[in-house]
Structure formats: C-alpha cells, structure tokens
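Several structures are given next for inspection.
Next, two complexes with subunit A in common: one pairs it with subunit B, the other with subunit C.
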Partner chain A sequence: MFEQLGYDTRVIWACAVKDIRSALRTPASNLIIILVPINFLILELLFALSGALAPTAVVNNDPGPYAQQFVQAMQNAHSFRVIQTTAEEAQREITAGDIVAIVTIPASFDDDLTAGRQITIPVTLNNLNVDFTNDIRRAIPLTITSFYAKAFPGQVVVQMSEHDLYAQDTDYVPYLAVSVLVIAIMLGGMLQAGNNMAIEYERETIKELLLSPASRWAIQVGKVLGALMVTALSTTAVILVVVAILQVPPLNWLEVIAYALVMMPIFGAIGVLVGTLLRSRRAVIPLSLVLVLPLFFLSGAFGPTSFGGGATDVVAKLTPSYYGIAAFQHAFHGFTTTPTSTATNVLILFGFAVLAVLVSALMLRRTSVAH
Partner chain B sequence: MLNFRVIAAVVRKDLIEWIHQPRQIVVTFMPPVLLMAVLALSVAAVGRNKIALVVQDNGPHAQQLVETIKGFDAFIVTDATPEQAAAELKNLQVEAVITIPAGFETAYENRQPDPVIMDVNNLNLDFTNDLRRSLPAAISDFYAAQPDTPIKVTPQETDLRAHDIGLLQFQIVPLLIELLTVAGVVNAGLAMAREWETYTIKEIVLAPVPSSSLIVGKVLAGWVITLLFGAAALGLATLAGYFRPVGIYWLTSVLTIALVGLFSVGLGVALASLLRKEQRVMAAGITATFYLFFLSGGIAVVAFLPDWLRTVAHFIPTYYGIHALEMALFYNSSDLLGRDLLMLLGSTILALAVGVIAFRRRLFE
Partner chain C sequence: MEAIASKTVTQVQKQGSPAIEVKQLRKMFKDFVAVDSLTLSVERGEIYGLLGPNGSGKTTTINMISGLSKPTAGSITVFGQDIVHDPRSVRKLLGSIPQETALYEELTAWQNMVFHAELYNVPRKEREERITALLNLVELFDRRNSLSGTFSGGMKRRLAFARALLHQPELVYMDEPTLGVDVQSRHALWNYTRDLKKQGKTVLLTTNYLEEANELCDRIAIIDHGKLLALDTPTRLKQTYGGTVIDLETDKPLSAATLEKLKHLPGVSQFRQDGVALSMTVSGEQSVMADAISLVTAEARLTTITQREPSLNEVFIAITGSQLRD
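Moving on to the complex of A and B:
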C-alpha cells in the first residue's frame, strides 16, 4: 500500500513538473491566461459603474427657500443624480438619452406652499424599462415626504429610523470587485488547467499516460498542481488590481491568501474536468469564457442570493463560485453572505475539488477505452 | 471583376463547414441564451426587497401603515415576532426588519416624532438604498391615504413612451445584438482563421480566380450565418410576444439586424486576418463582443453610466443598433432612426474595409 502511495506521489509530482515546464516554454499563452481574468474584472466593473442613481434634470423655476429645500431633499433621496438646468436643456438631454427624468418646480412653489394650496410637480419620465422607472416613481413621493419632514416637522411625524447591521455602507464597486475577483480566479484556473489537459489529447500524449500503470486520479491531481504556477500569477495580478488600483483593501490579508490558496486548486480541478470532457483547447477556451458571465450573475456577485430567493438561490448553491464569493467577501469586508459559516463554505469548496478530480479520473478511465 | 460562381462556391463551402461544426454553433448561441436564462431566473427578485414586519401597535393608523407596507410592490413581506425577525435577519432570510413600535398610535395622534424602525443588513449599498427609498415611499403612500393629509405637493407623471417595458423583455434586445455580434465575429473569424491553420489559404491564393470574389464569398458566408441566428431569435421573440413591430418597423428592424450582422462579420474578418489561429480568434472575439455588449448598454441603461463611459458608448456601433431595435420593436417609433442607421452604416463600412484590407495583406504575405 505504501509502495503504491509512493508511486502515486511520484506520478503526481512528474505530471505537475512536466506541466510547469511546458508552461514556462509558452510565455505568450501564460500572458493571455494572466490577462484574460484582469480583462474580465474590468469588463464586469463597467457594469458596476452604472450605479443606481437616476440622472435627473431639475428645472427650478422658484428661487425661494422651500424650492431649494425640495432640491436638497431630492439630492438626499439615494435615488437621483440631480442636474439643475433650464427647461430647454433638460428637454434636449432627455431626447438624447443623457438623462431619464425631468422634475419641474413651478414658479409659485413657495407661495403656494405658504398659502396651503395644492401644488403639482410635473415629472417627465423616459420610461424605457420598468425597473428604473419604478425606482423613480417611488423616489418622488419619498422626496416629497422627506421635504415635508424637514420643512414642516410638526406635520409629517412618521419617519424612518434606520439601524444598520454594519458600521458603514459598502459601495457597489468595492462589493462587486471582490465578487469579480473570485470569478476571475475561477476563469484563470479553468483556462490553465483545462488547456493543460486538452493539450494531452491534441498531441495524443494522453495515450502514453493512459497506457502507463499510473493511477488516473494521480494523473489528474498532478495536472491540477501543474496548473497552479500560472494560476497563482493570474490570481496575484487580479488581487493586486483590486487592492492597489480599485483601492479595496482586505480586512484580513491572511484570509485572502488562505482562500486564494484553497480556491486555485479547486478551480484547477474543475478546469481539468472540463479539459478531459472536451479534449480540445478550441472548446475549452470559449466554454470557459462563455460560462463565467452567467456564473457571475448567478452566484451571488451582487449580494446574498437568499435575498432574491427562489430558483436563483437554489441554483447558486450548486456552483462553487457561490461559496468562493462568500469566503472572499468575509476576508475583504467581514461580511457573511451565506447562511452557512465561512468554515463550512471552505469545506464545501474542498468537496467540489475532490468531486471534480474523481469525476475527471472517471472520465479518463472511460475515455481510455474509447480512445 | 467579381466572379459569382466563385462567390457561390466559397459561400457553399463555408456553410457546409459551419454545419459540421456543432461546437461553433453552440458557442455562438450560448452567451445570450445563458444570460437570458440567468435574467429569467433573477428578474422576479429585481426591485423587490424581502423584509420581516414586526407590529407592536394595534391602533388604526398603525394598521393602515401595515396594510400600506404589505401592499407596497417594493416589498416581499413576512409577519414576524421580534425574535423571529432577528433570527431571519441574522440568517440572511430577509434584508431588513421593519418594526412599528408600541406607542406609534399615541405619537401619531399627538403629532409627536413617530419613528418606524428599520434594521438593515447594509452589506451592499445597492440593496440598502432600495430599502432607504422604499420605506419612506411607503410612508408617503400612507400619508396620501389620510383624509387630513398635510402633504399638498403631488407629482404629475408624463411618460415619454406609450407603455412600460418589463426588465426581462427590455434585456432581450441587447441579448439579440450580443447574439449577432458573437455570430458574426466568431463564425466569420473562425472560417477565415481555419484557412490559415489548415494551410488551405495557399490553395486559395494560388487559385486562378479574382481574390475579390474570394473575399466577398467569405464575408457573404459569415453574413448569411449571422442572419440565420438573427432571424431565428427575432422570430422566436416575436412569437413569444416580446417584440411587437408593426408595418414599416419590421423593415427597420431587419435593416438594423442586417447592418449589425455585417459590421460583426467585418470585425471577425479583421480579427482573423490579424490573429490567424482559431483559439486566438475565439478568445479575442468573444471578449471583444462582451466589451461591445457592456459598453453599448447591454446590462445597464447608458444614461446611468458616468459621463466618460457614456461618451465611450457613443463610439460603440452596437449602441446605435440597440437603440434602433428598441424603438422599432417596443415602441413602433423611428426616434433617432436616421442617426442610428447612419452610424451603423458608417461602422459597417469601416469594419468591412479594415477586415478586407487586413485579409488582402495577409493573403499575399
């Protein structure tokens, strides 16, 4: 038994060293695998930059203090990016698609308010889609109530009193950047390990591996370890981009390093499985690229999937990236984003890795018959 | 001079090769189909927050506020005791706990400050701001329903469009454009790159036929494949009731799809001439189409982007494709159609020119 274990260890080592040496001879391919995840990070952040504040023109026809307070209430409503402008300019901007709403404060706003007369505020909406249109439809009454609460505190007494679970809010980009980081590590691991496996089929060296007395699982573990060098470079690069360029420092560096070390072989194992199944780099590369985008949306990149509930939550729990994102959100921000603990998440990630190696070893055994 | 027999032969050959590449076909439709599936799964939760509601006052105004909160479309409400609510918040089953405290009614009647408490899991500003908007908006609705409401200011909404479009329906147009760009770039690009990889490019160069006919044939084959994908997607979405163009707007839709398709083919030809390896064309092509998708407002409405990114979006041809299709397919409108078609035509001519010049240069290297 010990003899077999020693032999398997030598197989693992030999496979890993061979893949690392091969990688060292192809710097251009390595560079691509390092750059693709960074590229993906940038791509996803373009989405994060869109934000949630509706660009809204305010045409204020009344210079009075209440009108000014109303504009201030709009700015504090967590809903608008307020642009004060003229009626003509506002019309031009909404036609060009640069803004999505125009709010016009009538010239008699202050006088009517003081006299207790009814006031109508015209709101023009570019109601392109119901998602942001409804946000604006909610935000206008909110503005009106907030304005009253400040201007006439004795009249509007019911107000929201907010207690936050965390000491400070986390903006969209810092939150999303950490989620993207996990997907980028996943992409790097899948591409490198998947390609390493697919090359064996393309060059038909897989025959030699399968004809040797080496156990299938040892070959696959060796392949996973062999992919680590390039994956580690790509992971370091994306972490540096997140920390140094996007200015998202982690709360706990040790956790970041530990989770990165755990996740790299896990995603490598999934890459080996993909490479074994597809047997062609032409298929591995597009599949990896194509899969990461929906996975990004599915696995709780924007927030805990349990908030959305339903099918998304169920599907997310079947993906390793869901647990990876939870682990990294904890390391960077101290958040708990899954009902399971961080330790459980890491254990589940290990489970995914073992499963991927076992399934790919099984596939290797089956394919060896057909090859 | 163009030789139509040569063009037809090249088109036929590329189409036959394409049919025998099932992986390529799968890769073409996977990005938009997977994104569509993800959107369909998650769209129900967009714009709605799960909350636990704790009611500690039984007065009539407190009950009115409870009904308003329960009927408010931004919330998915579960009733809870304070202990249950705290547990649900801790276990991430709800995003916030809203408590109407004991003494609410008395404070309301006496016109004293009357807080409604909201405990929020503020781990992400996006969710948190939704809640910060929604509860005060519900309070506004509560006040609006009071016969003696002190609020005299009311909004009067005028919509630019005849009807609202649901989020899922709205996203189908960018996904259709994504499908067209992937189809054009990947299929035309791979058909070209394959000639270099299998060394059949030598035979093409040595063949006694005009090179212009070969190039036209290649472009045409890529365009036909792209249009097949476009026609299938347009047909399916129309049958499903997502698109409803009428009369002339069918024509503007088809014209837009044709131009976006041709632009993508030009881009694919240029990439293939530059990279000459299938793997590289595939990796660069798919990444490029994702950039086009995101920068042209594929996920977000362009107006919400920062100024610099909005400026960039105006240089992205697919931005005009998305706008033209949205107008035609959702609103039966020709709003800015001239601008959109002109920009698409210009981009298509430019992409084809770059693609053809790059191909010719590589051909005779």
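Moving on to the complex of A and C:
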C-alpha cells in the first residue's frame, strides 16, 4: 500500500512538474491569465470612477455664508463632482457635454433664507444619461435637507441614528478589487488546466499518460496541482496589484492564502474536465471565459447577492464563486456577505473541490483516447 | 542495448503462455462491426506484423490489446494476463511507440525520458544509467538537453523508440514506426527492432510499408473488415497467395484477342497490362510460360521476359482486393 502511495505521489509530482515546465515555455497563455483579471479590475475601476460622481457646475451668485454652506453640502453629498464656475462657462460646458447639470445659487440666497422667503434653485439637466440624471434628482433634495440640518439644527427635528455592523465602511473599489481576485483564480485554474489537458489530446501525448500503468487519479491530481502552481503565480500578481496599487490590504493574509488554496483545485479540476471534453485549446479559451464571466457576475461580485434576492440569489448559491467571493471579502474586509458563516463557506468550497476533482478524474477515461 | 538487456529481469507471469492471445474478439460501435470474431496468437520473441487497409480494424484491435478500448466480446491475454481484468499488469509489460510519437515538445529529450520513468515507476537508482544507455543507442545522447520539439521526424522516432524501452517492456508495440522518416533513420530503427528480437522481446508491428513488414516480421496477419484473412510468414504468404509472377514486354501492343487468351490461360489468377508491359500472376503448380511465349510471339517480338516471386504488395492485393493505402 505504501509502495503504491509512493508511486502515485511520484506520478502526481511528475505530471505537475511537466505541466509547469510546459506552461513556462508558453508565456503568452500565462500572460492571458494575469491580464484578463487585471483588465477586469481596470474596467470596473473605470465604471466605478465614471459612475460615482456626476460632474456638476455650480454658479454661485451669492458670496454669503449660507450660499457657501450650500455648496459645501453639495460637496459632502458624495454625488457631485462640484465645479464652481461662471454662468457662461457652465453653459458652454453643458452644451459640450462635459457636465451633467448646472446648479445656480441665486444672488438673494442668504437674504431670502434669513427672511424666510421661498428660494428657487434653478437646475439645468443634461438628461442624456438616466443614471446621472436620477443621481442629480435624488441628490439635490438630499443636499437641501442636509444643508438645513447643519445650518439650522433646531429646525430639523428628525435625525438619523446610525448603527454600523462593521467598524469601517467598504468602498466600491475595495469590494470589487477583492471580487476580481476570485476571477483571477477561476480563469487561471480553468485556462491553465484546460489548456494543459487539451494539448495532451491535440498532440496525442495523452497516449503516453494513459498507456502507462499510472492511475488516472494520480495523473489528474498531478495536472490539477500543476495548474494550481501556475495559477498561484498569476493570482499573486493580481493580489500585488490589489494591495500595492489599489491600496486594499487584507485583514488576514493567512485567510487569503487558505481560501485561494481551497478554490484553485476547484477550477483546476473543472479546467481538466473541460480540456478532456473539448480536447482543443481553441475551444477551451472561449468556453472558460463564457463559463467564468456569468458565474462571476452572478456570485456577488458587485455586492451581496442577497441584496438582489430572488432567483439570482438562489442560482448564486449553487456556484463555488459565490462562496469564494464571500470568503475573500471576509479575509480582506472582515465581513460576511452570505447568510452562512465563513467556516461553512470554506467547508462548502472544500466540498466543491472534492466533487470537481472526482468528476474530472472519472471523465479522464482510458477509452477516451481510442478513436 | 545488450548491456541493458542483460540487466532485464523479466517477472512475466504464466510462463509459456503466448505473448498475446486474442480469442473470438469482437468490437462493435453501435451497429458497425469493427472487429469480428478475431482470433490470433503472437508467440513470445517474434516480430508480428498486423497489416490491413485503413478501416480494416487494425487500430481497434491494437487499442483493445493495449487497454484503450474494451472488447464487446471475446478475450485478450498478454503474457497470460487478462487485459480487461488486470489492465495495469499488462501496461507494465507493454512498451508503445505510437504513430504520432507523443513526445512532449516543450521538454528536452532527457526530461521526456525522466517523465516516462516516473510514469512507469522505473527505479531511481537505475534511471540515469538506463536513460544514458538508451539515448546512446539511438544516438541522441549529445542532444539530450535539446527540446524534442526541435528534433527532425527521424530523431523524434528514435527518441520515442528509446522511451518505449526505458521500462524494459516484454512486448513492444510499434505503430507505423518509420512513417515519414529518412532512409538512414528507417534502417537504424529496423536494426533496433531486430536487436529487440535478439533479446527475446516480442514486437507487434503495424505498417503501411510492405517492404518493412517483409524485412522485419516473422509472421504477418492480414486483416480486413475486422476479420483475419491470412496469417503466415512473409515467404509462405507469397507462395500461398502469390504463386509466380511472369513479367513480359513486347515491341508492340498485343491485340485484344491475344490478351483475352493470355488472361484465360489455366492458373492465371491476376493479369495486368500497361501498354506493352504485361504481368501475369500464376497460382499453384501450373506452368504457363511456354503457352504465354507462343501466344505472344505469334503477333509480336518479345523484348523482355522474367519470372519472379510476387511482392508482398501483390499478395496483399490478392488477399484484400485493395491497395494498402486505400
């Protein structure tokens, strides 16, 4: 038994080393598994940055303190990128499509406020983009309320008393950045293992593997291990971008490593399965993308799926990426985005890993080589 | 290679059983019968050729012998081991040189050999010595650190040959071993194959080169439509199925009437005409030489006449009715 175990271990290691050597000689495919998640990160950052603050020109005709406070309230609303300018310049910018709205503070703002007269604030909207338009429509009344609450604390008697679940807020970008790590693991594992398996069929070297007395389990585990090691390198590169460039450090590095090690075999094994079934790298690459992207978007990449509720939440719970994103969010930000605990999520991920390895090894049949 | 062979300790079970014994083998793909009640026996230490046109069932048979495909019915034993019930034991005894060489092109020659050694559990202490000896044998030791992807077709074949012998198999299966290689490499591979026989190894060979089968094989099995059509030594196959071939050439084309008479001479089994060249295959003990000469010289001058053994190609066509590369 120990002799067999030793033999199987040597086969696993030999297959892993062979695949790593092959991968290192094909840098283009390694570059894909690093560049795709980083491209996603950039894409999402652009979305986040472009969608977060509406560029708004403020034409302040009143130098008084209340008018200044109103502008300050707009800046604190986290909805506007306030550009203070003249009426002419604002008109030119809105015509050119450079800004979403012009908010004009009348010259009598302070006087009317002090006298208790009705004040009308003209807002000119470039309503081409409904997302920005609605942001402005929501944010101006909120600005008025918050301005009043600050300027006349005694007059606004309804106040919010906030109790936070977590010690700190999580911004959109740090949340997304962590989700992108999961896409790096998913894509890396599937592409690496899928390509490594497909190339065995393309070049018919699968015969060398399956004509040998080595067990198909050992061969399959070796291929998953090889993919895992290469994916670990590419994921490290993505983590470095997240930590060093986006300044999103994890709360617990050990958790990051542990969750990555549980997730990588899942997608490595799925990659082996896909490679075995498709037998062509040209088919593996698009199919990996087609499988990974919906999984990623379904699984709470932009926020907890429970917020959306309904069918999406149910489907998400059937995917490993759902638990992976939750586990990584816990490792980086300390919160849990699923109803299940982090320990349960990790156990479920472990179950997915065992299942994926079992299924892909079962599909790697010797009879699959015969034409 | 003899140095390596001297160290070979064969632990082949069931001494005395044939190297391969196939009984009533049948393989069906849905309604299509690929192999039909095939029975054959390959003796230990012989070079056995398996010939047949494309689609004859040759590859399906080999796949079943090597455990890559399961028979629908019948049995296969390799050195007494049942391939269906104990495939792993059989795989240890089998060395394979597939047609496509199946080398890892991103690995060096040495790394390919080491990887094979791991897959076949070659003892670590013997590994280096065996690899060195085999790479020397196929004259690739100096190129051991070159990527196999940079090798020529002949070099790849030689490396695949060395790799197949690394775990000292008792049975070596070669699928078109010299397909697409240069003449030098072909003769080198033939010599290595003959050396295997000298060491008592059994070789199962499929080839499209009948010259190769003629040179190497002790016995040849010709199969078509999944059935065994003929099995014998190359010489006896030629005697049994070919008889004698008479090649004639005249100074002018013969008339249709004379050609008809020649075709219908007693014992003529095949008749081919190409301009002024005629070829007649005569079966059995019949002698038609005198009759043929008198018919031909009655209307033309005979410029050449030869009597020879048939080629294996002619035997193959006589048996299967088709060219090998159909």
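By definition in this document, the second predicted complex is superposed on the first by the 294 of 371 C-alpha atoms of A that agree within 3 Å, B and C clash if a C-alpha of one lies under 4 Å from a C-alpha of the other, contacts with A are read in each partner's own complex, and residues count from 1 in each chain.
Definition applied: contacts are C-beta pairs under 8 Å (C-beta built on N, C-alpha and C of every residue); 3 or more make two chains touch, one makes a residue touch a chain.
The structure displayed is predicted, hence computed values, not measured ones.
K.L.:
Which chain makes contact with more of the residues of subunit A, subunit B or else subunit C?
P.N.:
Of subunit B and subunit C, the partner in contact with more residues of subunit A is B.
K.L.:
Give one of first, second, both or neither to describe whether A:Ala151 is in contact with subunit B, with subunit C, with both, or with none.
P.N.:
Touch status of A:Ala151: no partner.
K.L.:
A:Ala258 contacts which: subunit B (first), subunit C (second), both, neither?
P.N.:
After superposing on A, A:Ala258 lies clear of both subunit B and subunit C.
K.L.:
Just to be sure I read the superposition right, which of the two partners does A:Thr205 touch: subunit B = first, subunit C = second, or both, or neither?
P.N.:
Only subunit C is touched by A:Thr205; subunit B is not.
K.L.:
Once the structures are superposed on A, label A:Ala214 by its partner contacts, choosing first (subunit B), second (subunit C), both or neither.
P.N.:
second
K.L.:
Just subunit B (first), just subunit C (second), both, or neither: which does A:Pro122 touch?
P.N.:
In the superposition, A:Pro122 contacts subunit B only.
K.L.:
Inside the complex, what are the residues of subunit C that reach subunit A?
P.N.:
Subunit C residues touching subunit A: 59-60, 63, 66-70, 87-89, 91-92, 94, 96, 98, 100, 102-107, 111, 114-116, 118-121.
K.L.:
Touching subunit B in the complex: which residues of subunit A?
P.N.:
Its residues touching subunit B are 32, 36, 39, 43, 46-47, 49-55, 70, 77-79, 94, 97-100, 112-113, 116-135, 137-142, 144-148, 152-166, 169-172, 175, 280-283, 285-287, 289-291, 293-294, 297-298, 302-304, 306-312, 315, 329, 333, 335-339.
K.L.:
Sort out for me which residues of subunit B touch subunit A in the complex.
P.N.:
So the residues of subunit B in touch with subunit A come to 23, 27, 30-31, 34-35, 37-39, 41-42, 44-47, 49-50, 65, 73-74, 76, 89, 91-95, 107-108, 111-130, 132-137, 139-144, 150-161, 163-167, 170, 186, 278-279, 282-283, 286-287, 290-291, 294-295, 299-306, 309-310, 323, 326.
K.L.:
Please name which positions on subunit A make contact with subunit C in the complex.
P.N.:
Interface residues on the subunit A side: 7, 10-11, 13-14, 18, 21-22, 25-26, 203-214, 366-367, 369-371.
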